[in-house]
Each structure stands twice: as structure tokens, then as C-alpha cells.
Amino acid sequence: MAVQITTQEAVKKIRDKSSVMIGGFLGAAVPLKMIDEIATAGIKELTVISIGAGYRGGGVDIGKLVLNKQISKYVTSHVGTDPNLIKQIVNQEVELELSPMGTFVERIRAGGAGLGAVVTPVGMGTEVEEMAEKIIVDDKPYLLFKPIRADVAVIKAHRCDPLGNLQYKGMSNTSPVMATAADIVIVEVDEIVEVGAIACENIGTPGIFVDYIVKGHSYQERKNVYEELWIATNKL
Amino acid sequence: MAVQITTQEAVKKIRDKSSVMIGGFLGAAVPLKMIDEIATAGIKELTVISIGAGYRGGGVDIGKLVLNKQISKYVTSHVGTDPNLIKQIVNQEVELELSPMGTFVERIRAGGAGLGAVVTPVGMGTEVEEMAEKIIVDDKPYLLFKPIRADVAVIKAHRCDPLGNLQYKGMSNTSPVMATAADIVIVEVDEIVEVGAIACENIGTPGIFVDYIVKGHSYQERKNVYEELWIATNKL
Amino acid sequence: MSRDYIAKRIAKEFRDGMYVNLGIGIPTESANYIPAGTEVFLQTENGGLMFGPKPERGESDPDLANAGAEPITMLPGGAVFDVATSFAMIRGGHIDMTVVGALEVDQAGSIASWKIPGKLLTGMGGAMDLLYGCKRVIVAMTHTDKHGNSKIRKRCTLPLTAAAVVDMIITDKAVFRVAEDGLYLEELAAAVTVAEIERLTEATIMNIGEWQESEMS
Amino acid sequence: MSRDYIAKRIAKEFRDGMYVNLGIGIPTESANYIPAGTEVFLQTENGGLMFGPKPERGESDPDLANAGAEPITMLPGGAVFDVATSFAMIRGGHIDMTVVGALEVDQAGSIASWKIPGKLLTGMGGAMDLLYGCKRVIVAMTHTDKHGNSKIRKRCTLPLTAAAVVDMIITDKAVFRVAEDGLYLEELAAAVTVAEIERLTEATIMNIGEWQESEMS
């Protein structure tokens, strides 16, 4: 059962050295307000688990935590969008743990689904072989990766009800899997609606997975934020 | 891209000795018309892959294929609802391959998702250990199961569009995973709607996974079938 | 009668806000006795959370059924999903409690419920996943089989459904807690004596002496 | 100019009803040249099928973006889903074709595109999954690097993104088919000579002699 709290209260669930999953995809569909709050709170030595870095060019969304030097380890599949993060990795200020994107997501799914490992052919014949254990199944070689879990997941959904039932709009990205794989799950939503307002078929993440609800920007505000960002970066 | 065909045409995709996944759960949410057509066509020596047997008591839905002795192997987690099937298993007319229910479903998911194996703790310390390979990950013992795929999957959805985009209603059961794990995927729907009539968020299985569409009973007809069945069996 | 007793006793284990999966039979009946003011969210492994009672005739939905393929309704706030999601939820440790029946339970908390060699062949269904994954496992059953033999054993004789997972045993005669070091008697049903429990329980009861003392004092 | 040429040439590989994932850059531009009457379903690995062109200003949706986090629209019949589903689709062999850029490709069909030791550090993103899982892999790139060195090698010198997966190479100068036994020249761009291709291609071209003959006849 979920509890609605403020972003200030929610950020206290994250401590120095916490591992934190952050939903979204290269800056799209991320929990904007919670990331700002983490930046403001100045929590340090975080292990951030995110499918990629922040929005292209850096300094936006997760990129703020990079500029603040709040991250000591980055678990991901791609950091190419944030030059500041790449610099910190090269300078060994940030430790990097890479997996191929599909493997990264599947490792989180395994972490949330009580599975012991991910067995995938992806990465065979590449340097990725060194990041995993090799096993043979039916005479074919595969890579065995361990599951990923986090202390806290900070995810994004369009709306939710007070029970924590989440409805996504558009690409839900990594939020649905991350919701399953952390000890504490905080969701940032555009809108909170009454119990029963979301049809049972439209619940993308049931409340069983959600601990805390935080009210983010309204959908219209968030739309404005992205329109401005996309226009400023010549994408719209 | 999907093609709409008749049940008579669809059943020709299944041959003697084919492996056939059948969606639904112990008789609920099964593709009723297609199962009837398989029974009528008299295809033999089928390997049926289904999460359980047919509706309680036997002789209904998949139970018709049992009565017809069309099945030579049953891959499942539970056969307790169909006494006829149990008899055929005891008499060694039907070979039984069991996995715990969660493992069964995950093996199909792995088959459809290109994963090499399922690594699960479920079944450790039981006879299930003999059905799998034992492996150690991070000093903990797990069972490693191989993926399951089929020649044909016959699944059920509420409605679809001509591209094969499926919308489920209520419990979608095993249909979404089975849609990913067979060479040929046939869906039986209550209703076929225009492209665009199903919102992009409400598509449970995208058309990329679907080969053939078959028009089943209308929703109202299907509701009548189940009301009668449930009343006759004292469940309603 | 004893069926009702067990169902009512199970219901005392419900806590507000719990997500619970109830096995068919007596465990399912316990939902009728959820205490007022306690909200319990019921999960069904075929893919639903927060389902409600069976519908009226004419109101059933062919796509809403429980794990026994029986018609159910969904409560406001209920969610439906596919079986892969459902078992990710179960195996991943997200369900607070499950209550199941059993053929035998032993003092190590192991449980046998799916197979009698040469007699009962049904398959394990979702039981192994539920017993492994749910945070708290309660076994609800009659204390003895129809021949009067103890179903609470030193060691299960039938093939296990799961090893060392049971937290509590509720029978028509008593309630036991399964601890690391063995079985503890917690409650006796009305008119049941410690002597009777001792006679009808094959397993070693760690605190049977203390129970006698407290009864005699 | 050569960019357009490559994008147009890629578009000739589209077949009606294909599900295709296009890498950023030139591959994505090829969508502008999909032949009339050919319907191609574009997949984006962050979780969408059948997306359309970028929206007008004021019409963008913060929840509809491509794998480069750029705004997109959804076409009627389009579907959205999460990334686990998306990569199940990719790795599971459900996508008919992917077109990607590369730093190097070799005659065994291996490709290097994600890392230059000591220079380029970005991570592999979804490239390894796409190259492994998609039924047909086309590499689209300039024939040579900015120093004029061949990007089509006997053997890749950079860390691989995937081994032995490429089916076709489209450059600004030529088109190659990668077969079991090596690289075959299939087409030359306008005004490009076989001699030039031979000079600019480090890899062994299996049919280079036949090409000379057919040109001279």
C-alpha cells in the first residue's frame, strides 16, 4: 500500500552511498522533480542505476547529479549522451558498470522476479564476455549475468491512485521493471486520481510494488518543459 | 503483419505431431472455437503446451482433445482438473512434462525472448531438482531450465485490428507470452476493429507477434457459454 | 464445523494492507472472516490483484476468473495482468502471505501437498512458486488424515512441495509456530487437551512441557 | 550528398510489412525514402512500434520519444510498451531488419561500432542486442574514415559490437553482400570504378575479378 509524501520527505529515503534506480530513457520520461530534489539534497556517493545517462549534452535531469559530483558508480548500458559523466569516468571519479541494454533491463527484471541469473547470447564474441560468466546450454555458449537490485527506485508514471496503482502514457521505458526490483519504490506522477478511476486493464504497475507517491509536474507543465528542451536543442 | 483467415484454414497450420501452445488458464480465457476446430480436424499426436489441463471435470475445451486421444505429450504445470488426461498419463498414452507454474511461464518467455535458460530457486529441495540442471550463482543453488517454444501458438484476446494488434480484457493469462514463442501465432478474438481503434497504450500484444487472426465467438456469446458452464458446475 | 474454525482462525492472521494469496478450499473461505477495518488485497496467480466475491448470475465476465477458473469480480483499484507478471510478483517476494492446504507438514517447515506416488498425480501448479516466494507461509489443514494419522510429521514422507518454508500451521485442533529449532504449540482449540495434541502429533513439539505446566497452574 | 545516396540505397531494402529498427543518423534518414506502396513498421528500442515523424511544435508529447530522446508521433495502429518487452522482441528474433552505422566492418560480417580504446567511451547501448537479434543486419556507413582509411577490413581492429552478424554493407561507394565464405561486391555507386573500390577496401572481395570482367564486356 502506497503513501503520498512530498519530494522533500521522499528524498530522505535516499542516503549517502545508496543505490538508486532512476526510470526513463536518456532524459525522456524521467522523474524530473525527484531528480531535482536529489540534486538539492546533495546526497553523495550514489550508485545510480539507469539505462543510459541524462539528456544529450549533459547538465539536464540525471546530468545535474553528475555536475554536482553526487555519483560514485554508474550502472548502465550507455553514457554517450553526457560528456561530463564520461569525463568523470575517464578521471576515475565514477566507476562504470556496463551491460548491453537488453541484458541491463533483464538483470533488473530478474532482480525483481526472484530469478537467479540472466542467460543471454548477446555479447558473445565481444569484450562483454569478460563482464559475465560463460555457460553452455544445449551445446550453445551463453553469458550468465547476475540480477540487479537497488535500495531505492525512483520511477515515473502518468498517474496513480492512492493505492499506488500506476498508469503509464506512451513509452513506459524502464519504470515498470524498476518498480519490482528495489527495497523502496518512489513514483513521481503527473496526477493522483481516485481509487477505481484507472480501469484494471490499464494499470501498468499494481500498487503492490509501490511504497511512496510524489506529485510531480502536471502533464501540461511537463509538456512545456520538454517542448522548451526540444526546441532549445533543435529537435522540434 | 497478420492475415485474417477462417478457423478451418487456421487449423491446417497445425499438423500431426505439431507442438501447439494453447492460451488460457484451466479452461478460462481459452480460444474456444479453435480448440473445437482442432478436435473436429482430428489432428493426432500433438504436443500440447498449456499452463494446466482443461476445465474441471474434463471433456470441455482442451479436454475434448483428450477425449479424442489427439495428444501424445502434455507440457504443463498441472493436470489435476482433467481425470481423463490423468488416466491417459497413468496408462502411458500421454507423456507428461511438468514444471512449477512460474517456471513453466518463464520458460516460454525465455523461448520468445531469445534467452538461453531460466535460472530459478523454485523447486530446490524437491523432486523438481531431477527435472533440471543444478547451478550455483553467488554461492546459492538454483535450477536451470531450458526455454520452451512451439510450432504453433493458439491464443485468445478480446479484440484486434487488421495489423494483429491485440487488446486483452481481464486476465490475459498465458496468451501474451505464448504469442512470442511459436513459429506461427494464431489469435482468436471476439471482435476485429479498425486500425487505430485500440489506443497505443492498450495494445497488450503488438501485431509483430501475430500471424493469423480468427474470429471467435462474440463477447456476448462467449459470456453465455461461460455462464452456462459455471452454473452447470455450481460455480455461479 | 472444524472447517469454519480453521477459516476463522486464519483470518486472525490478516493485517491491514497485506497482499495475500489464498489457496483453494479452506484458505479461500477465510476471506469471509477478514476483520472489519482490515483491508486485505487478494492476489490470484492467474493474473489479478484485489479481486472480490463471485458475481451475480448474468453479471459474470468470461475474462475474470480465479486460479480455479471460477468467476470473480474485481474491486475498485483491482489490477489484471498476465501470468509472467503474476509469477514475477510471487517468486520475487512481493506477496506478504500465502495460506495453503497440505497433505503433510514437518517440524522443519517442509510441506508435501502435490503428489502421492502411485495415487495422486496432478502436478504442482503454482504451489512451489507461492511457497518459495511469499514472505509468510501458513498451512491450514485438518490435524489428522481420515484414518486418524498425524499430518504433522517429524519428517514428511511424501514428495515435498517446498523445503523449510512454513511459518505457521493452523489445524482444527491447534496452532503451531515453526521456528528455526522446531515446532512450538501456540494455541489449542476449544476442548482440546495437550494430551490429545501430543497423541495426534507425530512431530516433536518443543514447548509441550511448558504447555502442560501452564495448563496445570 | 553521399549521405542522401546511402539513405536512398538503404530504402531499396525495405519490403512491404517489414518490422525494422533504424539506428540514429543516416539509417533513420532512410525512412524518408520508403517506396510508395511499401508499408514499413518502425520499432524504437525504448518501447514503440509504428512511430511516425516528429510532431509540430506545440503538439509534442513528453511520453513519446525515440531512442535518442527526440520527440516522435505514433501512427494509427502503433503500440507502446516497456523496455523489457522491447528487448524481448529484439533479442527474440522478431524484428525483420536493422540498419546501423559502424566504425569498421570485416569480411566475416563482424562489426565494431561502440568503442575506441582510449578515445571513445559511450557504452554499447542496445546495439549488441539489435545486431544479435534482428533477422537481417545492414551496415550503412562511409566507405572510408576521414583519413581515407578503409572501414571495410579483413578483420576489425576495434572492439567488436557483434561477431559474424552483418548481411549487407551499404557505403557511399558500393554495396556488398556478406556471405558465409566472404564479401561479395553487388553494386557500385555512380562514377565509382572497380579499381577505386579495390584500392579503398582492405577486405578481400570474393568476386572482384568477375566484376572487372563484366565491366569490360
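A, B, C and D are the chain letters, set down in written order, and residue numbers restart from 1 in every chain.
Assume a contact is a pair of C-beta atoms (placed from the backbone, for glycine too) under 8 Å apart; a residue touches a chain by one contact, two chains touch by 3 or more.
Remember, predicted model here, so these are calculated numbers, not experimental data.
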Chain B to chain D, fewest steps along touching chains: 1
Farthest from chain D by Cα centre, which chain is it? Let me know. C
Could you see whether A-C or B-C has the larger number of C-beta contact pairs? B-C
Rounded to the nearest whole Å, what is the centre-to-centre distance of chain A and chain C, using the mean of the C-alpha atoms as each centre? 37
Distance between chain centroids, defined by C-alpha means - chain A, chain D (Å): 28
On a C-alpha centroid basis, what's the spacing between chain A and chain B, in Å? 33
Touching two or more other chains - residues of chain D: 48, 74, 80-81, 87-88, 91, 132-133
Residues of chain B whose C-beta touches two or more other chains: 106, 109, 113-115, 120-122, 168-170, 200-201
Which chain pairs here would you call touching? A-B, A-C, A-D, B-C, B-D
Of all residues in chain B, those that touch chain D in their complex: 1, 109, 112-115, 161, 163, 165, 180-181, 195-196, 200-201, 203, 206-209
Quick check on the complex: what are the chain B residues that touch chain A? 106, 110, 113-122, 135, 137-138, 140, 142, 144, 146, 168-170, 200-202
Okay, in this complex, where on chain C does chain A touch? 17, 19, 39, 41, 43, 48-49, 74, 76-81, 87-89, 91-95, 132-133
In the complex, chain A residues that touch chain D: 25-29, 51-52, 55-56, 76-81, 86, 89-90, 96, 98, 100-103, 105-106, 109, 120-128, 158, 168-177, 204, 219, 222-223, 225-227, 230-231, 235-236
In the complex, the residues of chain C that touch chain B are 44-48, 54-55, 57-58, 60-65, 67-71, 74, 80-84, 87-88, 90-91, 110, 115, 121-129, 132-133, 159-164
